[in-house]
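Same chain, two partners: chain A is paired with chain B first, then with chain C.
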Partner chain A sequence: MDTRRLAHHEFPILGRAYFLGGRASTSIKQVLREAGVDDAAIRRVAVACYEAEMNVVLHARSGYMALDIYSDRIVVSVLDKGPGIENVDLAMTPGWSSATDEARALGFGAGMGLPNIRDQADQMEIQTAKGEGVRLYLTFKREVNGDGAPATGDGGTSG
Partner chain B sequence: MERLQPVMVGRAAEALGLTACVEANLDGEIAGAQVSDLLSYVMAEGRRGQVWITIQTHPNIVAVAGLAGMHAIVIAGGFEAEAETIARAEEEEMGLFTSPENAFTLAGKLYELGVR
Partner chain C sequence: MLKAQPVVAAPDGQVGLSGCFAADLMSDVLAFAREGSLLITGLATDQAIRTAAIKHLVAVVVIEGKPVHSDLVETAREEGVPVYQTPLSKYEACGLLMQAGLRPYRKGA
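Let's look at the complex of A and B:
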């Protein structure tokens, strides 16, 4: 495996700030586009990052997302200071959520967060315990050309 | 079967009588639509160039639409966009419109226009 790391970025996430949610993910999408990552990978990372970011916003006091771009993959690490997940299997069940009524009224808390992340990432690892926050590590493979160089995006301008 | 003509955001906004909060992507061709108030659903199902019809009004809808690469959000049912939502849509160059009509009616009209 080609393990050259090309870039590293970190983005803070503020807990409970529902309306700021998505800013870190939007920044990550921008960085990936500027780095010439293929559109399909960008989309998968963006969807997973948004869900992970909103999990921090909805459930934790604070956290951050780290983005590492390698020549053959993208790694996103999401670490928060929050209550942790007591039962990961339950949290992975589509439709299950511990979000508040307030959050649900705003369209959050559909119980699709972790399942969406699992669907988008090639690898997903959760380290958590009750009262100890959540550490989520996601890996996304990149489309690469035969010579191992990253493929360029399709040049799309929207989104 | 007659081939459907592309429908641009600007033309759809005019045909549906939408009120513009942020006029962006007016020349963008609409590539389908989503009707939902669940953000995670739209995050998973939303696609580049689509329009999103919702009754959510808070700024996070702009983040979702932007991440999904959508062209515009239409807030249905007579709800008004929050000031922060408008500001964020301007910042992210996301089309943002409102309408007194409900989501069902707006979706039907978009379909009639030829959006698929």
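Let's look at the complex of A and C:
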């Protein structure tokens, strides 16, 4: 399996900065497009990142998303400094939410965040404990052409 | 039909619609809406626009004549998402569009 890392980027996320919520995900979408990643993968990554970013905005003090583009996959790591998740199984249950009224006023906090993220990603790992923030690792397979290389993309590194 | 006023107009004044999805919860839009649809929503914040852009929705209609924040307008311009405002309720707006033949546009539909 070809596992070259082609690029690494980091995007800061500010907790409670509601008006900025979604900017990091928009940037990630742009970077993936410029890297020549296939549209289907971009859509899945963008939706998962947006939900994950809003989780940080709504629940944590701060955090960041790291984007690693490999020739065969995309890895997004979302790390925050926040209250953590006490019961991950409960948080993964569609409809369960610990969000505030502020979150709901923004159209989030319906308890669909983590279930939506899980549906978009090929692999999802959560490391968290109460009071210790959340580390979320997502892997998305990308379409590659016959010789195992990305369909397009310059193969350079940045970030 | 919706008595809608453009808040951020489409560049050529036209929006090509292939279906419609209505929700106030952006997680529902992210989970269920399909690319190419119109979004009818009661959420008049930035997040409605960012969600529409991330899901490749073609335009956003804000219902109940809700005031649209200047941040939303700025984001809509940046993202190239046309935004309209209608005095109608969500139910009325959806009903009229459905009657006019605009199909529900969600996963599996």
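By definition in this document, the second predicted complex is superposed on the first by the 151 of 159 C-alpha atoms of A that agree within 3 Å, B and C clash if a C-alpha of one lies under 4 Å from a C-alpha of the other, contacts with A are read in each partner's own complex, and residues count from 1 in each chain.
Here, contacts are C-beta pairs under 8 Å (C-beta built on N, C-alpha and C of every residue); 3 or more make two chains touch, one makes a residue touch a chain.
Treat the numbers as computed from the prediction; the structure is a model and nothing was measured.
Q: Using the superposition on chain A, tell me whether chain B and chain C clash or fit.
A: clash
Q: What is the contact status of A:Ser25 with respect to chain B (first) and chain C (second): first, second, both, or neither?
A: both
Q: Mind working out whether A:Leu14 is in touch with chain B, chain C, both or neither, as first, second, both or neither?
A: After superposition on chain A, A:Leu14 lies in contact with neither partner.
Q: A:Val47 contacts which: chain B (first), chain C (second), both, neither?
A: both
Q: With the touch criterion stated at the top, can you tell me which chain A residues are shared between the chain B interface and the chain C interface?
A: Correct list for chain A: 19, 21-23, 25-26, 29, 43, 46-47, 50-51, 54, 106-108, 110, 112-113, 116, 119.
Q: Within the complex, which stretch of chain A touches chain B?
A: 18-23, 25-26, 29, 43, 46-47, 49-51, 54, 106-108, 110, 112-113, 116, 119, 156, 158-159
Q: Quick one: in the complex, what on chain B touches chain A?
A: 25, 28, 37-41, 43-44, 48-49, 54, 56, 58-64, 66-71, 84, 92
Q: Please name which positions on chain C make contact with chain A in the complex.
A: Against chain A, the touching part of chain C is residues 24-31, 35, 41, 43, 45-48, 50-51, 53-56, 71, 79.
Q: Which stretch or stretches of chain A touch chain C in the complex?
A: Touching chain C: residues 19, 21-23, 25-26, 29, 43, 46-47, 50-51, 54, 105-108, 110-113, 115-116, 119 of chain A.
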